Amino acid sequence: MEMSIATAREINKLMARYGVKFGIYKNGGFIEQLFPYDAIPRIISRDEFARLDRGLVQRVDALNCFLRDIYSKASIVADKVVPEEFVYISKGYMPECAHIVPPAGVYSHISGIDLVQAKDGAWYILEDNLRIPSGASYPLIARELSRIAAPEAFSDNDVTDNRNYSEMLRETMDFVNRGGLNVILTPGRYNAAYFEHSYLAERTGALLVKASELAVEDAVLYMKDYLGVKAKVGAVYRRISDEYLDPMTFRADSLIGVPHIMDAYRAGNVAIINAPGNGVADDKGIYYFVPKMVKYYLDEEPILQNAPTYLPYYEDDMKFTLDNIKRLVIKDVSEAGGYGVVFGSGLSEEKLAELKATIIKEPRRFISQEVIDFIDLDIMDENGGAVPRKADLRAYVLTGKSTRVWASGLTRFSRVEGSFIVNSSQGGGFKDTWVLSR
Amino acid sequence: MGTITIEYSSNLYWLGRYVERAYTTLNTFFNYCDISLDKDKNSYKEFLDKLDIEDKYGDYKRFIHGYLYDGADCFTVSSSLRFAHDNALVCRNVIGSEALAYIQLAADAFHASSKEKNPRLSLMPVIDYLLAFWGSIDDKLASGEARTIVKCGKLVERLDLYFRFSYDHKLINSEYEKLCYLLSRVRKGFCNARHLAVLVEVLAIEESYKARLDEVLDSLSRLFEEERAA
Amino acid sequence: MKTVRFKYQTELAFSSPASEHRFLLRILPLSDDRQQIESLSWHIDPSPVDTLWKTADGFGNDALAGQINAPHNRFCFGIEGVAEVSGEPYISSGEPPRMLLYPTELTRPHSGLVDFYESINNGINNNTSDDINSSVPINALYRIQHFSHAVHDRLRYERGATANSTSAAEAFDIGAGVCQDYAHILLALLRLDKIPCRYAAGLASDYGETHAWVEAWAGARYIAIDPTRDKLADEGYIALSRGRDFADSSIERGVFKGTCRGTQTVSLSMEIS
């Protein structure tokens, strides 16, 4: 796929025109910057995507089954497939959600599944994001703008149009809507993903609101207009984490939450997207058990594999982890966004010993994984030349009436040669992801 | 049923006001630039005086640059555009990405013009983009109610500036009629009847607004204040 | 069973007016086989409130939820009623939720508490129970009481030494606290001992303010035990709400516009006849 540097510049100019930005806090201030975009797309063949599609649908269906089970009978725990402590000690487990059945029984409406492709072509799941997976708006608008700047790229290749994401999202909201408006709840203008919140609101026709614009009365959620007229809200796509969602239920000091929203939710009067309490299923410790969930709930063989993972919680895995720590990557299960990830190969002997001691002391806090030498994708340098950089893929899987995979995704790359850290919060950039239609 | 919350109504209203402030002050500024070419080098002082802005510039050249581009001073065109953008950004889902982009483009063109020798010429695209913004609002904004609120903001700001610059009564009346048309479309309780009555009274008599300028400016600025029970 | 007439009220006085006040009050006691609520009324002031509805929280407690919009300087709520209360500390129940076995933020043990647990545990193992006068498994009741004694002996009752947000570990290090801290430390110890247990907030006779104690699972039923007073619950105890810890079961939660919270006055009376 040829993309000239002139075209790349045009696309980036259009990005600036439409304010495609994300915010970061730096030195005590909030600044917004353009999300570095690379014009060379990642290309996934039709057959390869068909396999990913089946595997992702299967995985997300199993994760939804797991959430439904954990917050009701917890049979997977009773059957000793998942050890109890992994569930109840998880920060993502919300006891307040026990026995609440969300509208239509859907917990993870929007799942962001992070994958990498190894050098031999095999795909591995790195992480499930079932709380507030962000990022879909970037490839969505990038495609829109690339079609303007580089029309021949699309007339000469058979690329599946990805601009149906907003329809998929709206259908997902409509499917669980309990009667009333669809709203997107944002913490506000100074959130890192505010562009995404406002863009998705525009594209789906949902209203973008802050908590102060919503109120619960008699276990019903309302939005008040500027003259005080109330309108019922039927579905909330919230971009606020569980802890801050409702000061009456979770953190009492939250100023960005809606008091009593959990009451409206418990009464079945509003859908919350994604359901509160999902963090128990995308916990790095629970990740290990997802292939087992596929078998347990669906009685199928997992189509997509996890990266080989060890739980120091198990004696054998502890020994393996300590013996092989130099070639493993160690992840602190309580951290997110690329934080708390340590490569054994990068540590001094002294630091290694420290890490080992911490793992022995708190085995439940860590997982260790084989480092997958995932592929580099070409990105364009300042002169229009191509340089290889590590890249992953976040696939977006939407669950409403059925579970569907968006035929695109967010390909994130590291801008540092050889680095495996692709997160935007750590300076990474993104690419469009083409799924070929033929 | 309305779906515009109180925050949106405020952001839309101020979006209209700041876009209009940038647009009309730029145009008025151009007029004074023209006068200063061969008539009165100090005419800019009158311009500042009408806007109740202190002359901290001292001479015409410093005035041009300072009044346009000083981002730290909230009365400058630079600040008007920044505030317009702040309000537009939080209304993206209402006004649309396209309308927001025109504000972005106007701001970008404005800042690019600061490096040019001839601001009068290099600022012309800013006017183009601001007009394109209004075109987008008229043509694409789906919510008639939101459109009315933005345009209420625009007309309030325009009348405010026209009053201050002592524009001809006929011109003022034509803008006022536009405002009245909008007010006939807003929902009950949005427009403050008491302040509207002041405008109606003052504008009924030609030229009386100059005598009662402070009063009319005050009522205009509070036209959409919530009415409180007496 | 004895008849208990109870009356309880909390008054919050704000240093500057509060407005847009949303609240959740867990003040509606449920009946179980230790406490039968025969009659119950509640009041909230200022009255009438803008919206008020009865609800339940995620832990099965009944609660009142509502909102007062206009500025107000005081907020007052209370209950009054009659209950038949047992002198025995037992509450029958189905299997307890498994989450009651695991630490929470407020009850997570640190090494000091683990050492404390070990020393009590060694003490228990060196003694044998001589209490055979019960249908509850002797061992469980004995252990629970033993841990409660230990907490009572270890901690000094002192107001102001700790706050609502103080964890079991912190209170243990301070060495002093109030009923909430006694309960948190006992919960931490019992959970280390793999005994499911919950925090109970409610009314206790001669305490003067709302009280907190522990309900520990002893195979087929909970035992209500008060480590602050080192005794099993009797007719003088009426539970209002329960959860894993204080944060789950606090009697009042509120958010409002205003500067700060002022003073709190509690009045409480229980007549046992």
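Letters A, B and C mark the chains in the order given here, with residues in each chain numbered from 1 onward.
Here is the rule we go by: contacts are C-beta pairs under 8 Å (C-beta built on N, C-alpha and C of every residue); 3 or more make two chains touch, one makes a residue touch a chain.
Note that this is a predicted model, so its numbers are computed, not measured.
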- Could you find the chain whose CA centre sits the greatest distance from that of chain C? B
- Item | Chain whose Cα mean lies nearest the overall Cα mean | A
- Distance in whole angstrom between the CA centres of chain A and chain C is 39
- Task: State, to the nearest whole Å, the distance from the C-alpha centre of chain B to the C-alpha centre of chain C.
- Result: 60
- Per the centroid of Cα atoms for each chain, what is the distance between chain A and chain B, given in Å? 42
- Note on the structure: chain A touches at least 2 other chains through residues none
- Complex interface listing, chain B residues touching chain A: 1-10, 89-90, 92-93, 96-97, 100-101, 104-105, 108, 187, 189-190
- Query: Which residues, counting only chain C, touch chain A once they are in their complex?
  - Reply: 22, 24, 51, 53, 55-59, 65, 67, 97-99, 101-103, 244, 248, 253, 255
- The residues of chain A that touch chain C in their complex are 74, 77, 84-85, 88-89, 93-98, 100, 215-219, 247-249, 252, 259-260, 262-263, 266-267
- Residues of chain A that touch chain B when the two form their complex: 16-19, 181, 189, 198-199, 201-202, 206-210, 212-213, 223-227, 229, 231
